[in-house]
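Labels for the chains are A, B, C, D, E and F, by order of writing; each one numbers its residues from 1.
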Amino acid sequence: MQAQKKIAIYPGTFDPITNGHLDIIKRAKHLFDEIIVAVATNTGKQPKFSLKTRVKLVDEAISDMDQVSVEPFDTLLVDFVRKKEASIIVRGLRAVSDFEYELQMGYANSSLDESIETIYLMPTLQNAFISSSIVRSMLDYGGRIDHLVPKSVSRMINSDACDL
Amino acid sequence: MQAQKKIAIYPGTFDPITNGHLDIIKRAKHLFDEIIVAVATNTGKQPKFSLKTRVKLVDEAISDMDQVSVEPFDTLLVDFVRKKEASIIVRGLRAVSDFEYELQMGYANSSLDESIETIYLMPTLQNAFISSSIVRSMLDYGGRIDHLVPKSVSRMINSDACDL
Amino acid sequence: MQAQKKIAIYPGTFDPITNGHLDIIKRAKHLFDEIIVAVATNTGKQPKFSLKTRVKLVDEAISDMDQVSVEPFDTLLVDFVRKKEASIIVRGLRAVSDFEYELQMGYANSSLDESIETIYLMPTLQNAFISSSIVRSMLDYGGRIDHLVPKSVSRMINSDACDL
Amino acid sequence: MQAQKKIAIYPGTFDPITNGHLDIIKRAKHLFDEIIVAVATNTGKQPKFSLKTRVKLVDEAISDMDQVSVEPFDTLLVDFVRKKEASIIVRGLRAVSDFEYELQMGYANSSLDESIETIYLMPTLQNAFISSSIVRSMLDYGGRIDHLVPKSVSRMINSDACDL
Amino acid sequence: MQAQKKIAIYPGTFDPITNGHLDIIKRAKHLFDEIIVAVATNTGKQPKFSLKTRVKLVDEAISDMDQVSVEPFDTLLVDFVRKKEASIIVRGLRAVSDFEYELQMGYANSSLDESIETIYLMPTLQNAFISSSIVRSMLDYGGRIDHLVPKSVSRMINSDACDL
Amino acid sequence: MQAQKKIAIYPGTFDPITNGHLDIIKRAKHLFDEIIVAVATNTGKQPKFSLKTRVKLVDEAISDMDQVSVEPFDTLLVDFVRKKEASIIVRGLRAVSDFEYELQMGYANSSLDESIETIYLMPTLQNAFISSSIVRSMLDYGGRIDHLVPKSVSRMINSDACDL
C-alpha cells in the first residue's frame, strides 16, 4: 500500500473558485500525495466564467502549492479518474441539500466503478457559507468579494483580466 | 368499499423512466387495482426526450404488466385524477429535498380536492440513488445506463429509436 | 388481486393517540379494506401511559369506525404483520427526522420480508405539528389538550380514568 | 434603544405575493415599527410577472396596513437596508431547503455588514405549503388561487390587469 | 405600537449557558426593549447542573447587560410569557434537527395562544457548532471549554463553585 | 509527505459492530496506511454489550485484515488521536441527522486541534440502512441479524459467548 501514490481528483465547476474550495484542496493535500482539481467543461447550466478563465483562476489560486494541478474535463467523472490513474474523488460538504446530492452522485459513480472511493470533507466554519453562486451575486451587484475568494482571484477579476 | 375499484395515478415527467420509477409502479400494483402512469406534458423545464418518446418508453417498460397503463396529461394533476375517476396519487420518496417538495405539492393538491389521497412509497435500496437526471448525465457523456433503466428503455435509446 | 382483502397494520406507541394518528387511520381506511392499529408493548423508552390504557384510548377513538381494530403486539413488527395475514404497513410522515427514521425502519423491515409493503401518508396541515410528546408536555404542565387528541381521549384523561 | 424606530426590510421576488408572504408581513408588523417590502428587480430567473406588476400586487395587498410600504430594489440587499436606515431583515422559513438557503444568505449578508440582523418567522400552519411557484402552477393550468393569495391579488390577476 | 415596551422571552435549559446562547441574547437585545432568559426547571432529561447553578451561570454571563434578566420557570412556556406580559419568544436555530423541533414547538405554542410570536435567530458562524451537550462532553473528559462558554462561566465551573 | 505513515482513527460505540461499520473500515483501509478502531468506553447512554464484548466483537470482525486494530478509549477523542500519533478521524455518514451531528462534532474537535482532519465516507447502498440500534431491536425480538453483522459477530452472539 505504501508504495502506491495516492492521487485524488477534486471535481467541480469552480465558477469561480472560492476560499471554500481552496480550503478543501488544502485539507485533501494533507491526506493524499497528489491532488488534481478537475474543472467540468459542460455543467448543464451556463457558467458565468468561460472554461478557460475558470481553469486560469484555479491555477492562480494553487500556484504556490506543491503536487496540486488543475485540468478541464469533458467526460464522465469516473472516466477522468481512471485516465489520471487516480482512485479517489474528494468532495466538500456544506449543507443538507449538498449532502443529498452528493449521496446520489456518489452512488451513481460507484455503480459505474466500485474501485473508486469518494471521500467528503467539511470546510472550516468561517468558509462554511461561501459558494460560487454567492460570489457571482456579489459581482452582479458590485459587492466586495475579497473575503470570499483567494487573493489572486479577486485581483484578476477586479483587473478585468476575466471574460465577464 | 370492496366493490369500488381502486385506481391510482402515478404522475411525473419520466425523462426517461428509470428502474426507480418501475419499482414504484410494481409496488403500487400490489396495493391498488389499477395504475395509470401520467406523463406531464409541460414541466417548466425543457425535457431531453419529447412527450411522445417519454410516453413510448413508459409504455414499453410496462408492456408485460396487467392493469397498468400510460397517458400524457396537460392539466392540473387533480383535474386529471378526477377525469380518470381515480382518488389516489402515488409518489416515490427518495431524499430530503424530494420529501419537502412532495409535502408542499401534496398539501397544494389537497387544498384543491380533499377527497384525493396522496401516498408515498420508497424504492428498494438498490434503486434509491437512481433519477432521470442521473440517466441523462450518463447519456450526455456516453456512460452506460443498462443498470439504471428498464431493458426495453436502454435498447430503444441505444437503437436511436428516440428523438435525442 | 380484487378478491383478496387488503389489510394494513398501523403500528406505533400511541402514548397517547392524537388527532394526527386518527387522521392517518381515516386516510388509510379510504385506501384499504381493514386497518389494525398495533400498539407496541415495549418501546425502548418508558411510556407515560400503561399498555392497557394506550390500547383503551385507541379503542375509544376508533369506536365508531368500521373495519378498524386495535391490538397490542410484543414481537418484531414483520412477525405481527404476517400473523395478521396483512401485507401492508402504514406510517405517518411529519418531518425530516421522522422521514430519516422511517426510511431506515422501512428498509430494515423489508430486509426481513420483501413481500411487506410500507406506505407513508402525511397528516392534514392542521394536524402536522401534533405529536404524543407534545400532548404529554401539555399534560405535565396543565395545558389544554382538547385540540390535540380525539374527544374521547381528552374526556378519559381528564376524568382520571387513566393510570397517570 | 427605545428612542430609535425599528425598521425592518422584508425582501423577496414576490412573483406574485401570496397569503404566506402577507402572513409574515403581519407578524413582522407586531414586532417592529415599520416594514418595507423590498421587491427584487433582478432575480437570476425570469419572473412570471413584471417588476411593475409585482410591486403593484404587493401594494394592493398591504393597502390597509399602516407603516408598511413597498419598494423595488436593484442593489445588494445590505446596501438597500442601509439606504433605508434599517437594520433588520425579515425572512419567512418554510422548509428544510429554505432553511439551508436562508442560513447561507444570512451569513453572506452578515459578512458584508455585521450590524444588520436577520430574523426568521414561520407562517401559520394553514399557509405553510403556499409558495409563489405553486400559485404560478395553478395559473398555468387554470386552477383556482383565491385560497392562496390576498383577495386583491386574485381579483387583479383574474381581471387581466396584470401583464401575464 | 411605539408606546408599548417589547419584552422577549428566551427560554431553554441552559445546561450550561454557552457562547451560542449569549450570542442570541445579544442579538435579541438589539431587537427588543427587554429580554428575560427563562431557565426551564423540568426538562424531561436529568440536567448536569442544578437549576440554581444554571440560573446563577446565566446571571453571571449577563451581569453587564442592561435590560436583560434571568428567571427559572416551571409552567407551560406560554403561561410564563403571559405572566411576564411579554408577547415574543426568541429561539436560536442551529441545524436541521433543531429546525424541525422548533417548528413543531412553535406551532404547539401558537395553538395555545395565537398572540404570541416566536422569532428565530441564527448564531454567528464561529458559534454555530456550540451546544450545551458539547460543553458537557468536554467537562466529562477534561477538555477545555474556555472557547465555548462566557468567561464567567468557565471561571465558576473551574473554581468548583458549581454543583458538579 | 510520502514518508509519513497515515494513521486513521475510526471511533464509535460499536454496540455491536455491523456490516455498515465493517464497510467503512474496508474503505478507510484503501485510503490510509493503518486504521485503529476506537471503541468509546463511556457513551452517555447505557450500551447493550459491555466494553469488553464490544471490543472482542470488533476484534473478531477485523481478524483477517492487515494494519487494522481495535482499542477502547476513555478520553476526549482528540486526545486519543494524538496519543496514537494519528491525524485523521474517519466517520461514516448515513442520513441527515447523522450529518448534522457529525458536522457539530467535527467542528468541536477541530476547535480543540486544527491539525486533525475528519473525513466522511458513505457505506455502500446495501448497508445504508444498517445501524447498531436496528441490530439491537432484532436481538430484543428474536429477529435474524446474519444479514446485518459480520459472520463472526452473529456466530458469537448466537453462541451466547456475549454478555447479553
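Just so it is clear, a residue touches a chain if its C-beta (ideal position, glycine included) is under 8 Å from a C-beta of that chain, and two chains touch if they have at least 3 such contacts.
Note that the coordinates shown come from a computational prediction; the quantities given were computed from them, not determined experimentally.
Following the contact convention of this document, D, F is the list of chains adjacent to both chain C and chain E. Both chain A and chain C are touched by B, D, E, F.
Interface comparison, B-C versus A-B: the higher count of C-beta contacts falls to B-C. Note: the chain lying farthest from chain B is E, by mean C-alpha position. The two sequence copies chain D and chain E touch through a face in which the numbers common to both exceed half of the numbers used overall. Averaged C-alpha coordinates give centres for chain B and chain F that are 39 Å from one another.
The mean-CA centres of chain E and chain F are about 34 angstrom from one another, to the nearest whole unit. Residue positions of chain D touching 2 or more other chains, listed in rising order: 96-97, 100, 103, 107, 125, 128-129. All chain pairs in contact, by the document's touch criterion: A-B, A-D, A-E, A-F, B-C, B-D, B-F, C-D, C-E, C-F, D-E, E-F. Chain A contributes residues 95-97, 128-131, 134, 137-138, 140-144, 147-148 to its touches with chain D in the complex. Partner chain B is touched in their complex by these residues of chain A: 42, 75-76, 78-79, 96-97, 100, 103-105, 107-108, 111-112. Residue ranges of chain F in contact with chain A, taken from their complex: 1-2, 5-6, 27, 30-31, 33, 67, 87-88, 93, 96, 99-100, 103, 106-107, 110, 117-122, 124-125. Listing the residues of chain E that touch chain A in their complex gives 96, 125-126, 128-129.
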